[in-house]
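Each of the two complexes below includes chain A, the first together with chain B, the second together with chain C.
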Partner chain A sequence: MRRLLYMIPVAIGISIIAFLTMYAAGDPIALIKAGKPNINEATLSGLRTYYGLDKPIPLQYVNWLMNILQLNFGKSLYGGLPVNQIIGPRIWPTIELQIVSLLIAFAVSIPIAVQSARKPYSKQDVAVTSFSLFGVSMPTFWFGLILIIVFSFTLGWFPSAGSQGVAGFVWWGNSFFDQIAHLILPVAVLVYVSLAQNIRLIRANMLEVLRSDYILAARASGLSERKVVYSYALRNAITPAITFLGIALGGMIAGAPMTEYVFSWPGLGRQYVTSTLNLDFPTIMGITMIITVMTLIANLIMDVLYVYIDPRVRIR
Partner chain B sequence: MTETLLKVEGLKTYFYTEAGIVKAVDGVSFDVRKGETLGLVGESGSGKTVTSLSVLRIVPKPGRIVEGKIELKGENLLAKSEKEMQSIRGREIAMIFQDPSSSLVPVYTVETQLRDVLSAHEKISKDDAHKKILDLMNLVGIPEAEIRMREFPHQFSGGMKQRVAIARALALEPELLFADEPTTALDVTIQAQVLDLLEDLKKKMGMSLVMITHDMGIIAKMTSRVVVMYAGNVAEIAKTDDLYYRPRHPYTALLLAAVPRLDRKKTLSIIPGNIPNLIEPPSGCRFHPRCEFATKKCEEAPPVLEEVEPDHFVACYEWKNITLKGETGKND
Partner chain C sequence: MNLENEKPNGGGKRRSASQWAVAWRRFRRNKAGVAGLVIVLAVVFIGIFGDFIAPYPAYPANGAFGPFYKGDVRTAPNSHYLMGTDVLGTDVFSDILHGTKFALYVGVVVTIITMAIAILVGAVAGYFGSWVDNVLMRITEVFLVFPSLLFILIFVRVFTLGGGAGSSFNFLGISVPFGLTIVVVVLAIFNWPGDARMIRGEFLRVRELEFVEAEKALGAGNRRIIFRHILPNILSSIIVVASLTIAYAILLEAGVSFLGFGDVSTMTWGQILENNFSDMRIVWWAEVFPGLAILITVFGFNLLGDGLSDALNPRLRD
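Right, the complex of A and B next:
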């Protein structure tokens, strides 16, 4: 419960930092002027007043905060749509993409990491570690582009952009399979990246745990190899991976800006990139706040989950 | 003569590390008789623990049993399948480890861990297991067993944890128990309690106990026979009394002299030098660089165990030519 209260100052702190950094980045009205050199000063100052950009920054912040508390994120500087309407429809595609990737990555990484750790430095393990080292070091946009070139343009197996077929063109027969077809490439990119990270993390932990005395003692008591590895070792090795999952879960809401951008995925990540390029302050702040709150909630969930996984954390 | 329970012959267990092959156990032979307490003594790194892990065939990688014979009641353990070994571990041969805080799994309750051991060997209902675990915990002297079995290892003190570990090792009433320095990690006041408990349970269950230690006091107190190990070899095997009063191996004599005694006003003697590097051990007798009686022969070929009197074996070329000082009683 006390942790819940801690979240409030943290959220406010992050919002202030974000607010200040954003203003250091540039003046959005100047950007409009750069785009339309013939615009007259009166319109510009009218826009300034309309968006409240003429007021001192602390006052702007307080106004913004008051609106946020009523879940009003303000209006976009680009097209004037309410930020809620911009963000709202983009949340689900992002969550869909991320959850699918995260689940696949976790489900696949555990058995691979365990097998790898059981036979360290074997051929299989070397293959797995090189594969994951590559996954960790490779830039996502580059991998995404390669996939698009190979599987969309050359082979034509999967669509290259968007989250569903457009203008009546549906992949693989019906709208459900169509969605899956659109998911495959971006999910492949995201899975590869988090798979690689997961495998490295779980493998390293497993290696350490498998060397511990309690594993030796469990073997000495005649427990089966399966029980020793999956019930005793994995349970202890997975705790740090859960922390990682927590961080991933928070960052998940932000989407994967690069991946979404490359695949034109209509999610928050791509919106984040677009809005930043446009200096669209209210939208940036809106998405930042969603990420902040989600990260804090994810951390809270992980703290609670920890108690179930590791009894030593339990407060007596 | 009493029946032999375990016979180890020419056991070699090597660790294949990047730096080279570590010959942790290199040609070890001894036997354990039914109902006896055998001491396995030696410095750290002399291969005591690896020997016991080899008997259970749970030598961790990159270690491997290279050669030798391990027979339990005449059956060759090295020829058993992994499945057969699993049913032998815990049920016929069990082991207690040095540090109880790391030998119990931190994430499961004591009851769960003990039940896992029971159900690894027999079909047992949750209720029956609960009753049996309760009995076991009472047997090893854990008060309020009904409540404590639902707790996690970190909620127990060191001594209590070791009692839990003992309960786990004895759950299936094994015939042979390896106790690997079971009191090293405990407070001195608790050590005696745990040793008494082990002695008591050993008698009750009629099992054989192999006491691995470097504490000569524990050897004197608990064992009937002793195997002295040095750098992966057996130096001497004798009845405990014979060993104390008539040591035949120079290393044994030095070990005995290094035991602090309150009734003597002598400075404590130390054994000069260090335990050798086991990747490239000294040629011949591995003890020769530290031995004051070493001759040319000792550098050439390793000595084999010779019977110097009934039940007393020593691996030394010079035993006939040297006189060693053993324990001579309190009023020296």
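Right, the complex of A and C next:
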């Protein structure tokens, strides 16, 4: 609950930073003018009033905040469409991509990390640690490029771009399998990257926990190895991993732009890249706020999970 | 070494030297760490001498094609162009060699700025504790939670608006690209929080040790205790984190450049990837090899960091 209240100042702080960044860029109208030298003054001042840029900055901020609380992000400076219409259809593809890869990464990383930690410095462990070190050393987007070159261009197994077939062409027969075909490569990229991080973290914690006295006691009392490792040790080894995951989530959600860009995925990340290059501030700030809220919600879920796994937190 | 000559220096100095010697001996036994060191040394060598080894000169900043341009656009790798030529007709192999110095520049400078901020914040928070710690750590958490890549992109975009691409400034006789420096500073501004937390943790641990109390009893000031006594004690952790930060910074810059936000006139590895992205169905070699260069370099720094961590903080190992 305290956590929930704490989220509010974080969100407000980020909104202020986002808003001020826009002013660091200078006057958006001046930018328009720089791009179109022939535009006349009347049009410019018309635009100024249209976007509410003639009012003092604090008032503009309050207006903007009031509007986004009503889920109204204003109009895009690039094309004039309402930001809602630009962002709306892109939220789900991003969430879809993130959730699928997060779940797979977490489910796979736990058994691998545990097995690896049980026999540290064995052949298997060395293989796993170098595999994961490779994963954290690799540029996310480059791994995506390689997958596209190999599986899309050369082998032709999967589509190289988008989230569904275009112009009536569907992969693998029907539209459901078509979506899966489009998901496989980007998910593979995101899974590999977070898998590597998870494995490194859980393995390190597991190594530490397996050396502690209570594990020795559990073994001495004759419990099965499986029970000792998975229900005694894992619980303690996984809690720091979850804390870290909560912190890293922001980075992961924000890391999606690269993957989305590589695979032309119609999500928030790719739109953010396009809008930022175009200096389309209403859209930029809208996406920033939505991603911030998504990150904070994800953090909250992590906190709840944390209490569930580690009951000591509740008592404190 | 002659022990008798060392004696008047006082035991402290000699002991600290041998502590590093012990660490070095431990490090040498770690094959992965040594491999990392070898990779890093090779990368540094190429960074310094790459301009002289490269078979073709660098892509000229003014956009005009240099003498190396022979109309060989999109040539597959062959004996003249080991890694092929890209969409602009430049030799990918040469581009990678030229780009090495930029990767090192990014890694090292981002790390220096990051560590400076992180040490300051971490030291103050960890040493003074109470409300100072509370305030600084809340700020750090905000930075950690929020999607920093989004802010990095918009900051880079906004700050490179006033030009800067193409121009460079002189630093100690070395010409440094201006646009890339902006990217570096922005990366550092958003990169310090994780490191600051780590350093704070180390300060919390060390400040409870007896020797700090002894210093206080002797009347040493806070600044002296922080910089002269605690900092050297956590130097090993700082070195480890610095090595990992270099790796991360190189990765991040490649990503920023790849998304089209980098310094267009500076051929960093990420920039090569970006230039050839739209044509990658044809020029796959211009995507594969620069990425490999990034992978190997970052892998080297990560291996080195892990190796150093094992050698310098043996308590983490067993």
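Here, the second predicted complex is superposed on the first by the 279 of 316 C-alpha atoms of A that agree within 3 Å, B and C clash if a C-alpha of one lies under 4 Å from a C-alpha of the other, contacts with A are read in each partner's own complex, and residues count from 1 in each chain.
Keep this in mind: a residue touches a chain if its C-beta (ideal position, glycine included) is under 8 Å from a C-beta of that chain, and two chains touch if they have at least 3 such contacts.
Please read all numbers here as calculations on a predicted model, not as lab measurements.
J.: So if we stack both complexes on chain A, do chain B and chain C clash, or do they fit?
T.: Once chain A is superposed (C-alpha atoms), there is room for both chain B and chain C without a clash.
J.: Please work out whether A:235 is in contact with chain B alone, chain C alone, both, or neither, and reply first, second, both or neither.
T.: first
J.: Roughly what angle, nearest 10 degrees, sits at the C-alpha centre of chain A between those of chain B and chain C?
T.: Vertex chain A, arms to chain B and chain C: 70 degrees.
J.: Let me test your reading of the model: by the given contact rule, A:227 touches which partner, first (chain B), second (chain C), both or neither?
T.: In the superposed model, A:227 contacts chain B only, not chain C.
J.: In the overlay, work out which of chain B or chain C sits against more residues of chain A.
T.: The larger set of chain A residues in touch belongs to C.
J.: Could you say whether A:282 touches chain B, chain C, both of them, or neither, answering first, second, both or neither?
T.: In the superposition, A:282 contacts neither chain B nor chain C.
J.: Could you say whether A:216 touches chain B, chain C, both of them, or neither, answering first, second, both or neither?
T.: Only chain B is touched by A:216; chain C is not.
J.: With the two complexes superposed on chain A, say which partner A:261 touches: chain B (first), chain C (second), both, or neither.
T.: In the superposition, A:261 touches chain C alone.
J.: Just checking: does A:134 make contact with chain B only, chain C only, both, or neither of them? Give me first, second, both or neither.
T.: After superposition on chain A, A:134 lies in contact with chain C alone.
J.: For A:309, is the partner it touches chain B (first), chain C (second), both, or none of the two (neither)?
T.: First partner only.
J.: Mind working out whether A:144 is in touch with chain B, chain C, both or neither, as first, second, both or neither?
T.: A:144 sits against neither chain B nor chain C.
J.: Just to confirm the geometry: in the superposition, how small does the C-alpha gap between chain B and chain C get, in angstrom?
T.: The answer is 9 Å, the least C-alpha separation in the overlay.
J.: Can you list the residues of chain A that meet both chain B and chain C?
T.: Chain A residues touching both partners: 211.
J.: Along chain C, where are the residues that touch chain A in the complex?
T.: Counting only chain C, the residues touching chain A are 32, 141-142, 144-151, 153-155, 157-159, 161, 247, 251, 254-255, 258-261, 270, 273, 277, 280-281, 284, 287-288, 291, 294-295, 298-299, 302-303, 306, 318.
J.: Quick check on the complex: what are the chain A residues that touch chain C?
T.: Checking each residue of chain A against chain C gives 10, 13-14, 17-18, 21, 24-26, 130, 133-134, 136-142, 145-146, 148-149, 153, 211, 247, 250-251, 253-255, 257-258, 261, 272-273, 276-277, 279, 284, 287-288, 291-292, 295-296, 299.
J.: Would you mind writing out the residues of chain A in touch with chain B in their complex?
T.: 120, 211-214, 216-225, 227, 231-232, 235-236, 309-312
J.: So in the complex, which bits of chain B are touching chain A?
T.: 53, 56, 58, 60-61, 82, 86-91, 94-95, 97-99, 102-109, 116-117, 120-121, 152, 154, 165, 168-169, 171-172
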